[in-house]
Structures are given as C-alpha cells and as structure tokens.
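Two complexes are shown next, each including subunit A; its partner changes from subunit B in the first to subunit C in the second.
Now for the complex of A and B:
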C-alpha cells in the first residue's frame, strides 16, 4: 500500500466525508516512518470506484510537526478511543484539550512512559503531571457510583466498570480497561517476523484464528504472494470454527444471565463439540499455531477431515435442537427484547462492528465488503437485521452459527488432503512498505497494519481488535437499563478485554 | 415450555467417568524428551530455531550425546519442535497429568536433573473440597478452558471443586495470563484478602513464565514474580483434564498423584 498524504487540517473533514459516503475508518495510529517526526497513519476503507457494498483499503498519512494532534473527535466521534491511545503510546496530545485522559496506561504506569515513541517527548509538554485517570462525574441529587473490578466475580477478564446510578437505573457507564496490557505492539516490532504468528495468537487467545489470519494476510500482502487454494479454504474453516465455538460459548452466557439453566446446559454440551472440531482441524482446541504466512502450519490429513465432518454434522443437528430452547422461551425473550438498545444512528456514529453492528442494522461484514476468498464462491450472505437490542444480537449470532456450519460443511467437502497447503517464503520482507490484513473475526472487524523499515525489519505493527470499537457500544447500551441487566448486556456484546488492552 | 421439558428429557448423561485420559493423537501437546540420542553434534539445531519461547536447550557433552532439556513452563504446545526433530529426541506428550508443585519439575531432560524431590505436604486441609477464586490477567482461552472444566462433561463440582466470587470465600487463587504491570497490584490485594491457609495456582504457559510475553516493558513475566506459587499447570492453554489434574494436586486428591506421570517417575528414579 502506498500512503496518500493528507494534511493536518484536512484529516478530520476528509474522514467525516469518507464515513458519510459509506467508507470506514478501520484503524488510526501513528508511526515513525523516517520521513518526519511522527506521522499519523489512518487505514481507511473506501467505497470510491467500487461496486455497491464493496470497500477497498487505503492508507492516509498525516505528518506531524510537533506532539499535538489535529482536532478529530468533533467531526469523527468514533476516533475518541484511538485519540486517547495515541497519547498513551506516543505522547501525542489533543491540541484542544488541556489535560489528556489516558485510555490504557493509567495509574500503574510511570507518567512519562509512552512506549511506542522513538524519542522522548518535548520537555515542556511533559512537566510534572501524573497520568491520573479522570472518571466522568455525574451530578444531581441521589446519584451514586458503583465501582466494579478490575477483578470481576466470574471466570472472566479484568476491567473496571464505573456505574453512575440513580435508584436502580444506570445513568452513565464508564469503562476503564488496560489492565492486561502486555506491550504486544512493541513486541511485534522486535520479534523476528517468522515467529510473529505465535505472538499474534495471544493478542486475544480466544481469537487465535482471526489474529493469525489477519497477520498472515498482512505478511502475504507485503510479500505479494498468494497461499494455495486449499489453504485459503482451510483457513476460512478455522475462522468459521472459531466463530461457532465462541458464539456457542456466549449463548451459554445468555441463558445463564437470564436464569435459564436448561438452555445453558444444552449449549454447554454443544460448545465442547466445536472445540473437538477445532482439534480435528488443526490439533488445537483454540485454532492456535495453525494459520501461518504462506498457508497452514500442517496439512489436514483425510482421517482428520472425516473426524471434522462428523463433528460438523453433530453440531448442525445439535444446534437445530438447542436454538429453539432459547429463542422460543418466553421468559428469556422477555429479558432480551428491548434491553440494551444501540440505535442505528449511534451505531453508525461510533462505528460499531461485527454481529453487534449488524444487529443494529448496519451491513458491514469484512468477508463480503472486501470480497474475500473463498466466501465469494460459496453463495453466502452475512446475517443482519434487528433492533439493536440484546435479542437482535442473540438472533444475529444464532444465524451466524448456522451460516458458519453450512460453510464448514461445504469447505470440508471440497477439501483434497493431497493438495498443497503452504508456499515457501523468502528470507526477508520488502523494505519500506505498508500492508494490512483485515478479517471478520467472530467479534467483527479485526485489523493488523504493518510497516517495514529500510532493511525489511518490522518498524511498526498495529492491531485493532473489534472490541476497540464496540466497548463504546456497550456503554451506550447500558444507559437507562437497570443495574441487574448489565451482565446480560455485557454478555450480548461478548467483548475482548485483552484484545483491547494489547 | 413443552420444548424445554422434551429437550431436558432427551439430554442423556454426558459426564465422563474415564478420568484424566491421554489427549488425542492429533492434538497439539506439550513437548517432552525421550531417550533417543540428539543429533546436534551433526549440526542439527531445528528445535532451537523453531521454538518461539526458547523453551528448549541443547548442551553438547564431551563423551556422549547432547543434553536436551525442555522447560514446560515456557512451552506453548505448538508442536514445532516435536514435528521437526529428526531423531525423535523431542516428542509430543499426550499425558494430561502434567501439573507439578515446583517450577523445577517442569524441566524435562534426557539427563538426571539436579533438583530436590518435593516433599508431599504434611497437611491436606483441602482434601475434600477446594473453593477457588479465578483471576485472569491476559489469556482468555485459559479462562474458557476453566469454564469448560465446569461443564457437564468434566463436571468439576463432583470432586468438591467450586469457583467463588470473592477472595474472602476462597482457598485457592487460580491465575491465568502473564500478570503485566497493571494486574500485579490487584492480584496482590486479592491474595491478601484470602484467609490462610491459601494456595496459589499458576495456570497456563503465560501464568507460569510470562510465556511469549516475557521480558517486555510491560513486565508480564508470570505469577511467580508477584506471588509464591504452590501448583503449576503447564499448557497453552491447558486442557480441562490438565486443569483438573492441577486442582487435584492442590487438594492432595489421589488423582493428583504426579508419580503416575511416567516421565517424572523416570527422572525421579534416575536421580
């Protein structure tokens, strides 16, 4: 990808115009590309010159002369978390804001640490202030706060939720994450690129296939190579298997959080099947160590394919029986319908992705919008439609499980165990190039962006988990709900804390 | 309603009675070392190049074949070394009885290792039940495997294993993920809130050693760096049976007996 230079003043208006034309801001970050101090890099998906519903990735580069960011969020509200992360990682501060509010690196971190910055910050800008996080305070008589986390009561990842409530009703929810920050982007820029596929599968280890595929697509695009068709098909099978397994896992949660134990049992007997399917497909119960740049780590022998096909049949039959338990149960429906609504205009404004976006009526699905192989040849349509509530997210996910199982059946039926599944890679990456990998992971649009340096070394590796868009959606959905419905709202989004924290 | 009842009627018993079976042949497993001589003297270094976490070490010996050691506390179970080893010195270990009490026991080698054999604890206060507080710090697949250990197939509850919502109610702290800088203090506080006697269990490669994250600016180097660990459950992530083995070991339950692990038996006899 060759970057187009967009001036500092034009960035926000152009992004706004692009989004209004049906385009997307996929990732906004910064990099030291050797040509200026730091440059903002916006990976956008543009509809210009494409067929209806189709998008094409492009990179916009905005050189910066100092450590201030151009105004962004007034015109492009969905960039608000990216803007705060730019302060955490690069020390770039909004021009129109006296004190930046960190997003991920708060109290536990030294105030002046900006780990992805090549040179220290301008001294004047960094005097003495501590990186103290400021929660929004809701005023008014009888308003009280409920702080929850970072450690939660269940078997779940850490994060802090600050509810401001009036009576039982949530007036405002602020989500503070970052507790699991492991320095992954910095690590990916110093890991030898041949080993990097092991690192990306830990970004959010429940999305190992999605991250490994985004990484493989980015590296293959840098190298200008295509994996063999059999590998493309099996990589899609792994991605769909991950989708089925994770959606089934969250359906257990929908049942448990509506107090419907029989449904929870039914789905918790199905989910292990999907993990056994994954084990047949690649040896790992989490689709890890399977997808690599150039194809697959190991081929799929005929006997393993048979095991996998048998699992898919069992899953199709089992899901047919289990789905109506939840979707015909009036008690569960009553809890889900009308709860945790994200209205369509807000979904557009905050750039909601994945099943949550489609449940709010958005059309965007990376698999179809970028006409990715092998989906185009499989006569497949993304599931969509709904009122943006918990029920809509549930039905979209159920429809995705069915669609993915059908895809898996077709992909496995086509599989020829003797076809090659890997191409050889050259020893080094091309110098001074940008490339991206986009994947519709089970939570939605997952983006990897790579920049190489003059020796072909990786200079910058940026990752955007779909959760980075969607946490704001959860905060919107929780507003006006009673506190006791929050777990159900949370589960209906099923977001990744670690993918967001990196 | 009728459908729910019919569904329940059709649900058969799914809980397994076959305890801690080996993993499937095609599964990705932890690596271990066999007694086949290593070919490093002939220039092989396939495992050293392949391992993403430098878990394997190969030391040349003057009068015999090289000493090969794998640190299972750093093994992601990726099979890169075992698939690529021409001499089958490094082999896949399908055993699910992999939990141990000391970090040193996670080293598997083709030579006797100089390490003390851990004494079995004198008291077993949790022999009949263990209440567990799980804290995740960056490995959500491991969390999902813990949830799987609670499903009707593995059904950990039948052994007196329970997951509780507060550290005040817990006997054991079960930690997943590499404990980066921002989770160290919450984890310490959670541990401090637990009544004694209490145990700490590190679950999965990241929790044991930081795994692939070790050594970075985020200081994500595993639980050991923050709290004393009583039981280690290796794996990337550990299979529900491995998790149950670790919890049995923490309880002092007979099924947690690590002497049933052939590799450990062999090493103990040699030393």
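Now for the complex of A and C:
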C-alpha cells in the first residue's frame, strides 16, 4: 500500500467524514518527508465496503509548508492529545492556538527542545517564551484544588492529577503526564531493527506481549513475510494470557479500592496462576522476549503444552468461583453502578478504545474489526458493555477473561508441537516503505507505525499506546464524582503511564 | 489504689494487643499469615525511638495535638468502667462524649495546621462523620441514663432495665455499634488499611504525623478502641443479672475480644460504603437511638403522671402526648450534614434517599 496524499486544508474535514462513516484515526504523527520538511502521517482505519464493522488501515500524508498545524481538534476531538504531542516533539504549533500546553515535555527539559525535529525551528515560529504548563483554573466560591502526585502513596507510576473540587464533588480533573518520557520512539528508530524487539518490550512492561506482537506485525508487513500458522496461534495465546493476567490484576484493584478484602484475596490467588501459564507458554512470567519478528523466540514442546492446558483448566474453574464474589455482591455493585460514567456520545467523540470503549457501548475491537488471524477462525465475539460506568468496565473485563480462557483452550488444543514456529528474516529492510502493526492489547488498540527511508533505514518509529486515547476518558469520568470515588474510577480504566509517556 | 493500678495497666498494655489480634484475625480470615500479635508493641517502640519530620509551616498546635488527644482518651479510659470493675475516676455520659469530641477537635486542628490539602480533606471528612455519628452515641447513652435515673456511668451500668430490656438493648446496641465503628474509623465508614490518599478519612488526618507524634496517635486510637468496645460490653452486661466483679471483668474482656473479631469479619467480607451513603447508615443508628429514648420516655410516663424529678428537664412528660412525637424533628435537623456532603440539598433528602438516583446531583 502506498500513502495517500491529503492536502493541508482537507485533512480535518476528511478525517471528520471518515469517523462519521465509522472509521477511526488510529495514530497521528509527523515525519521527515525526505526534503528536510515535515509531513503529517495519519494512520486511519477506513470502513470496508463489503462487511459491516470491518476496517482497513490506510496511511495519509499531509506535506506541511511551515511549522503550523492545520486546525484539527474542532472537527476531530480525538486528535487533541496527538496535536499537543506534535508540538512537543516536532515544534508544530496549531494555527488557532498561540501558545499550546505541552503534553509530555516538562519545564525541566531545555526550552525550545523539540527532540524529533530534523532541523531547528523557524525563527518566526518560536516566540522566545519557554513552554510553561498552565492548569485550567476553576473559579467560584468554595472551589479548591487538590494536587495529587506525581509521587503517590502506593507504588505506582508517576503522574500528576489536579482536582478542582467543590466540597467533595470533582468539578474538573486535569491529568498531567510525561514524567516517564525517555525518548523511546527515537531509540526505536536508531536501534538496529533486529535487536529492536528488546527495546519494544520496555514500552510498557505490563503490555510486553502486546507491544512485541505489534512490533512483529509491523516488521513482517514491512518485509512482506508471513509467520508460520503455529506461531500465529501461539502469539495469540500469549496475548490472551497477558490479557487474563492483567484483567485479574485489575479485578484485585477493584476489590482493594472498595475495601473488599475477601474479593481481593480470591483474585490474588488466581493472578499468579495466569503468570504460571505464561511461564509454561514462553518461559517468562511476563511474556518477555517471547514474540519476535518472524515468529516465536522458542517453540512450545508437547509437555509444556500439557502444563499450560492444565493451568487454563485451573484458571477457568477458579474464575468461575471467584467472579460471583464481586459481581453478585450487592455492596460492590452499589459502589460500581453509576460511578464514573462516560456516556456513549462522548466515548465516541474522544475515541475510547479497549474495554473502556466497549463498556461505553462502542463495538471496536482490533481482533474482530481487522479479521486478524487466528481469531477469525475461532468462532469468537468481542465482549459488549452497556452504561459506560465502573460496573460496565468491570463486567466487560470479566467477560473478556472468560472469552480469553476459552480462546486459550482452543488454541492450545490445536497446537502441533512439531510445526515450525519461526521463519528466517532477510538482511535489510526495504526502502521507502511504511507498515503498521495493530494489536488489541489488554488495554485496547495498540499501534506501531514504521516508515523507512531510501537506504532502508528507519526514518520514524511511532507507537500509540491505548492509554493515549483513554486518559481523556478518565478525566471525563471523574467529573461530577465525589473525590473518594476517584481511585475506583482510575482503577476501572487501569491506564499505563510509561506507554503514554514513551 | 488497686483500681488505679489495674485501669492504668490495662489502658496502656491491652490496646496494642487488641489491635494486633484484630490484624491477625483479619489476615487469617483472608488466608494470609499476618504479622505476629505482638507487632503493634514493637511498632510503637520503634516509632517512639524514631525522629520526627515536621513541616516548617506548622505551629505548636501540631506538636501538642496528639498529646491532647491522648490525654482525652486517657481520662475516658480512667473514668469509664469499661473493664467491668469500678473505674478510678467518676465518669459521666456527657463527659465521655465531650472528651471524645475534644480529642477529635484537637486532631482536626493539627491536620489543618501544616496547610496540606490531604490534612484539610481528612479534617473536613472526620468532622462530617463525627457530626453524623455523635448524636446516635449521645441519644443511645441518654436513653440508658434516663432509664437509670442518672448520667453517672457507674450508676448507669449498675442499673438493670426491667420489662423493656428486650427492646431497649437491641436498639441501644445497634446505635452504639454504628456510631462506635464510625468513631473508630472502621469499616464500613472508613477503611483503615487503604493506601489511597483520596479515599482516606482518619488516615488522611494523620498523614503528616511521624515518629513519637505518630506513636501517641496510634496508642490513642488503640485505647479508644478498647474503651469504646468495653463500653459496649457494659451495655450488653446490663442484660444479665448482676455478676460478681471478677465474672463481670472476665465477661467484659471476652466481649471486647469478641467485638474485635466481629470487626475483623466485617472488614473482610464487607465492601466499604460509598461516601454519600454514610449519612443513611448513621441515620439508621440515630433512628434506633431515638426509638430507645422514646421507649424509655413512654415507660417512665406511664406509671406516674406526676413529673419525674430524676428525669432531665427536656424529658418531663408534657400535658399533650402528641408533643412527644413533635419533639423528634428538631433532633433530626440537628443532624443536618454539612455542605460538603450534599450541595444545596436538604438533609432529609440525604437521610431518606432511595437506594440510587436521587443522590447524583
């Protein structure tokens, strides 16, 4: 596939029309277009004419004449964070905004640093002011602010939350991230591509399988090779295993945050079982370095498959017993129902992905929307939600755990230990190509985009974690809630900081 | 003299053991090994040895508050006959309630002193819960006091209610249990084990305390737990015929341990209550206490139409029996939660809100 060129003026209207037809903006970034000018690169998923709900990826390129971005967010609200990241990393400023709020680069970074820019900024574009973050101030009598973080009371990742409250009610929540920005995209472009899968697994270590799979899909599509079917099935098994383990971890969180110790204990006993399953499948409890471009790092012998199948049976039985503790508990239901609602129109507008999106009533699931192998042949349906509240997110997670365990059982039953699980890769990447890897990681749509230059070198490696879409959803969900329910809302989204900060 | 020694020894040595026992029970119920029962003594000793980190913006209020709070609970512990034996000091229902309030007031001031948001948030929440929990405690004890004809705790617990025992004790017991668990920052009102600073009530109040200051606060919380459960034990003992001192003492201790076991069980199987539903729970306790008062009032009125000299002035039977019922609304309105709970809404909407819907303002 070759990129379609979309003119600067047409970009926003065309994106809006695409989203209205049921398409998606998967990733929006910029890249050097070879003539030391920047071009916007948008990975879009356009609806397939034949089948309902099916999407096809396509790349749009928009050459830019200067350092101003076309107006975007008024027509395409879900491009909001992408636009701010474009300013941080490329110095592209929105035409309709004099001084944009930085998203990921803080005051502590050198002023006027735009790390992914090939050439320094035009003199005219920089006003000489250092970027300074301004929080939205909520006025009125009795409104006060609660600053939380970036260092928290528990051992979690750093992020700053600024609540503007009236009494116990949250009027506005502003989330500031970027404390973990470590230049991963730049590093991925510089790392020799055969070693890049080691870097990829550090994007967000709880999504090691998801990121490794997205990377492998992108590189394989770039090289035009197909991994063996046995490897495709086992990669899906690893992805589902990661989903089960992480969703179980979040269910522990739901219980702990509502003070429900018995439930937390029940799920805490199950989670290690999912990690042991991962150890049987790939030798690592956290799916590290298992999925590589071309297939799998290690094959799965027959005796290990038996151990894994035994683990899956134990998990299915254990989950059957543990789930009612939470979902049949009137106290827990009372805490979760109606808390942290993201209404469907807003979920649509901000482009929520993953369990949070499906809980709000959106149907989007990469596995089914792109008819990815091996899911298409397994007779499987994505989980559906309803009201967009904490309870809906919890039930979607429970349904996904059950679906993933069933999938795991089928995938392992089909597995042939003697089938090849890896193909050899060529020495060089092809020149002037682009490729993407889309994966339904446990948090939702995960995108890796690779663009190569005329020597086959990687010009730009872009990553979009599902959290990048969903943090805005958390800010919406918190609005109007009481402060003491916020941790529960936060846990129900279960977002990544490091995957977002890159 | 023996009373002094006994009460002081129990007050200083029993509470850490009770808290250790509670933690151990909770852990075992949740399938964990848990820390040793003696761990709380070690923790207190460790904290007492450690240095303190005190914010530069604090004043003497912050440094003095834990001592004031501990002093309050110590006077409570020495004036309430919580061990089933005569207490060394003369205790009174109202003295007890005001001492508890004074200790809380001191801790709230200390939480406001450093000027941090979480301290202020905790102080506001603690005050809101206190305002909701206190009336039930006062009314429940007042019902017993009227029935006994004295607010002196020694006289009160020595008395034995007559025929209405079967209705009075469950009502008073319910009201006391609910307001005591709220007072002790236990589930379902507060979660003592949470690490989430945004949901804390009591823990947010003491976030800034460290070292010796924190040891005093922890010891005070432990003594409060022992004394209040001991108080509850005395109320339950009113349901038995008068016991020999050693038997009353042993039963009290057993009941205190039993109360800890109940707390451990509740904190394992129950979900913490949503913040906006706390007023409904507290209203339940208050209703029970009010009904207990009503029963005592009706009973004291029935046999003798002449005013009862021993009853407090606000309780003398009036000419029209209907006044008894109209006396209730002012008591309820005294419970009006502050604006942080429900913006603009009347207190009644909170107290009698349906299970869902109305509270989403």
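Quick note on the criterion: the second predicted complex is superposed on the first by the 496 of 502 C-alpha atoms of A that agree within 3 Å, B and C clash if a C-alpha of one lies under 4 Å from a C-alpha of the other, contacts with A are read in each partner's own complex, and residues count from 1 in each chain.
As a convention for this text, a residue touches a chain if its C-beta (ideal position, glycine included) is under 8 Å from a C-beta of that chain, and two chains touch if they have at least 3 such contacts.
None of these values were measured; they are calculated from a predicted model.
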item	value
Which of subunit B and subunit C A:329 touches, first, second, both or neither	both
Touched partner set for A:367, first subunit B, second subunit C, both or neither	neither
Which superposed partner A:358 touches (first subunit B, second subunit C, both, neither)	neither
Dominant toucher of subunit A (residue count), subunit B or subunit C	B
Which of subunit B and subunit C A:487 touches, first, second, both or neither	second
Subunit B versus subunit C as contact partner of A:337, first or second or both or neither	second
Which superposed partner A:114 touches (first subunit B, second subunit C, both, neither)	neither
Partner chain in contact with A:154 - subunit B first, subunit C second, else both or neither	both
Partner chain in contact with A:146 - subunit B first, subunit C second, else both or neither	second
Touching partner for A:262 - first (subunit B), second (subunit C), both, neither	both
Overlap of the subunit B and subunit C footprints on subunit A, listed as residue numbers	153-154, 262, 265, 269, 329
Touch list for subunit A against partner subunit B, complex	106, 108-109, 113, 115, 150-151, 153-158, 178-184, 186-187, 195, 198-199, 202, 204-206, 208, 249, 262-263, 265-266, 268-269, 271-272, 275, 279-280, 282-286, 288-289, 297-298, 304, 307, 321-322, 324-325, 328-329, 496-498, 501
Touching residues (chain side subunit B, partner subunit A) in the complex	1, 3-4, 7-8, 10-11, 14, 24, 26-28, 52-53, 76-80, 83, 134-148, 150-153, 163, 165-166, 177-178, 180-186, 190, 206, 211-213, 216-218, 220, 236-237, 239
Touching residues (chain side subunit A, partner subunit C) in the complex	142, 144-148, 152-154, 166-169, 257-262, 264-265, 269, 329, 331-332, 334-335, 337-338, 480, 482-487
Subunit A contact footprint on subunit C (complex, rising order)	26, 29-32, 117-118, 121, 125, 187-188, 191, 193-199, 267-277, 339-341, 343, 355-356, 360-361
